[in-house]
């Protein structure tokens, strides 16, 4: 792909995304807002995934962010915009502190620990009595930007752009090589002089910070948070599925995956009022079976195949990540 | 090998002296806890063991799959749910008691599991483990929502008179039926341990779990092993589902929380450690029970549950680093 | 030939245009993947079909558009946006879960469409978000709030103890599920019963979220020696709680369940006999209310099964209330419709006449009373209010055999 295209295409996409509120009605905008939130979560999860760590704790930091924003507004009368930033900071600090303990874990043990942590956060908040609103949750007196649909959409879009920027920083710098090396073979990464813990921590905190911010905008955009709603495992599993279906280890991948699954969900719901979730589950199964590298992975493979006339450079293959089928 | 990996440990088989010493230590500690509970809060002990049995029974088939086929089956609870519905129909339409329907239901589920495996999971085995995770996630949704579509989300419950069996010691009356779960869990654990270490297929399966490429070189049919083990696991969780039906209400989403609990237990015990699942379930069931019995703190029992899991995982990782 | 074709096309175009004017659109949102939401949708459609067959409203046909909210706040908000801007409905109805309703309130306030709500009982979140008149005047809340339910039960038990002198209640114990539903039940009950009775409670994890053991709660209840034991949980908890109570030999004089719905086989279980329950509607009301019988028979004829909870009857009532309001208002003009709805007097399948009076915060509250029922011979019989009682009370709960 030529350099000009590489700048032009994202620019056009961003411009189109920004202009959507002017051409679409409130309903598609509401759906788009939802999709953007999942998209941002998928991007944030992918960032940590590049280090080889699979997190099942998205809902945990998302929920922390939502509650941090809610408490900031309700207890300290903080401005909503500032509370979103605060939400991210709280989530990031929690991740930083926990990271010292849990980033030594690998594979399924790390995953389960993040899952367990998310549940612990939920129960702590549920048992927080009047301070956190208990099981019934917290309600904001008013929404950010007075609930103006366009503003809420742009807020979600801004968050996605932030997540994209963070994701691209992780894709275009020393961070990328460090994380990829750690993911491929930790032993040789360490012997190459890469400080494993430092890079894992950076990825973990960045990922959690984003998830906190997203939780904050979810809270400010809908004005309600309860332990069962914001810590729902759906906020963990769906972004995972979206990132995977779209293509992991990339920035366009989670974006494509979120659009695919998010729009499909709403479309199916309208067309098949009863049973659309069955089709949804089958779609997930089929995409995994037919496109194991995800949408973007497929595109990347075709581009590489075309570029090098069928031969694949081993280095490029490893860097692009997702395991290709052998034989 | 590139790509994220969920599996780290190989199947544990060695018994060394320090391990014996450690087991003795845990054993004495366990005995002390049991006696303390019997004196202070006997109900916590009784119900803790019963609960542990249920968790272990559901988790052990998942440990089998994770240890040998190395996939996390997020549809695990949904397979159990489907089995429970089958057993329900066997009871309502054919008048079969769930304990009798257990065998046919397990066989049907094993076949069903095999079909699902051959159609879907088999083709993702060479892909990263994440793919299998999300594949089974999609499967789980499809299964639970199909059942929801066919039978609605209403709760169904059999009324069997033997589930209210109780015993009275002094002025304490308690239900004894739930010990069945503990019995099922022990049978599963011991049975699988024997199967894996004594039978030819079992030993081959263990080999495949430890080193698939090496096993293939030695001549073991890895593909067939995976398929049979997966089918076996689904059959076993199907049997558990039939027993589940006797005491619990069933509805399409009943399996979800059990999938998560099983996943946590299997990770806590260490991948591949089937007998370890029994002891971990016991620890968790007892701690849940103890916290629940303290008035006003029942809500915190969930935290204790997960804190113990995280703690065990962390302690084990510290110990590994030292070694 | 072509002229005829063009003429036909023009006619059809005009007809659709005219037909489009001749339809009153009702927009509803429920959780269709849940049985309660599905039944609401079916019952509402049944009501719409009945009204249309009888000639419609003001000569126009009713059309019902249902959008699934998937029990999620953000999807619920999108549903309202769709109904308001794409389907351009005239009136909104629906809702079951409070968590979804509270997320939808800001969007509803934006459009100010007259809304008849069939769900949402949590006053701490939903009623607070609605706020007082005039901001919430578009909202007609059919379902009673949690504190109204509690007050109703307090009145009911006082009346029952007066009519049946052998029923003496001094100590009440509540086992409640640890989520929002259980907690709000506990808070409401504590506020209303705590003054007159000795009241205590303990929480449990509902079977809906993977809990299976009620021993701690039942043991605490047993130690408390209550005259009335009640539990607030879900259908999946009903029989396991009874089974465990029997195994622990816990048989209080009154055993009462307050789930939103019961398991399908509850009536078949011998353990259900003489268990009491809170509810709003049961098939036994057919004997007292011809509206209920008509609703029930039509529902079974159309769907081959009985409704699993009272929500279907509420949804059915909502449609009739809206239709009646539009008729009296002479159209769907908002101000006139609100005034007409305020004058509603609808004889509902719930066995009571629905009117709208103020509640703590909002102005338009429909039902405030619950009913106290009892399982007898596999049927839910109404005990209180006495005007709709179908069978006398059996007291106390017989000891476990």
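Which chain is which? They are A, B and C, in the order written, and residues in each are numbered from 1.
The working rule: contacts are C-beta pairs under 8 Å (C-beta built on N, C-alpha and C of every residue); 3 or more make two chains touch, one makes a residue touch a chain.
These figures come from a predicted structure and were not determined experimentally.
Asker: Based on mean C-alpha positions, I'd like to know which chain lies farthest from subunit B.
Answerer: With centres defined by C-alpha atoms, farthest from subunit B sits C.
Asker: Count the C-beta pairs in contact for B-C and for A-C, then report the pair with the higher count.
Answerer: Greater number of contacting C-beta pairs: B-C.
Asker: Where the CA atoms of subunit A average out and where those of subunit B average out, how many Å apart are those spots?
Answerer: Using C-alpha averages as centres, the distance is 30 Å.
Asker: Taking each chain's centre as the mean position of its Cα atoms, how many Å separate subunit B from subunit C?
Answerer: 38
Asker: Roughly how far is subunit A from subunit C, centre to centre by C-alpha average, rounded to an integer in Å?
Answerer: The separation of the two C-alpha centroids amounts to 37 Å.
Asker: Would you pick out the residues of subunit A that each touch at least 2 other chains?
Answerer: 126, 274, 277
Asker: Got the subunit B residues that touch at least 2 other chains?
Answerer: Touching at least two other chains: 145, 148, 260, 299, 302.
Asker: What positions in subunit C touch 2 or more of the other chains?
Answerer: Where subunit C meets two or more other chains at a single residue, that happens at 33, 38, 178.
Asker: Contact residues on subunit A for subunit B in the complex?
Answerer: Those in contact with subunit B are residues 49, 52-54, 101-102, 104-109, 111-113, 115-117, 119-120, 123-124, 126-127, 183-184, 233, 237, 240-241, 244-245, 248, 274-275, 277-278, 280-285, 288-289, 292, 318, 321-323, 325-326.
Asker: Can you list the subunit C residues touching subunit B in their complex?
Answerer: Counting only subunit C, the residues touching subunit B are 33-35, 38, 178, 202-205, 207-210, 212-213, 215-217, 219-220, 234-240, 243-244, 246-249, 261-266, 268-271, 308, 400.
Asker: Tell me, which parts of subunit B touch subunit A in their complex?
Answerer: Result: residues 1-8, 66, 72, 74, 120, 123-124, 126-128, 130-131, 133-135, 137-143, 145-146, 148-149, 260, 263-264, 267-268, 271, 299-300, 302-303, 306-307, 309-310, 313-314, 317-318, 321 of subunit B touch subunit A.
Asker: Mind pulling up the subunit C residues that touch subunit A in the complex?
Answerer: Residues of subunit C touching subunit A: 32-33, 38, 66-68, 70, 72-75, 77-78, 81-82, 84-86, 99, 102-103, 106-107, 110, 122, 124-125, 128-129, 178-180, 182-184.
Asker: Considering only the defined contacts, which subunit A positions touch subunit C in the complex?
Answerer: 25-27, 29-31, 33-34, 37, 126, 134-137, 139, 142-143, 147, 149, 218, 222-224, 226, 228-229, 234, 266, 269-270, 273-274, 277
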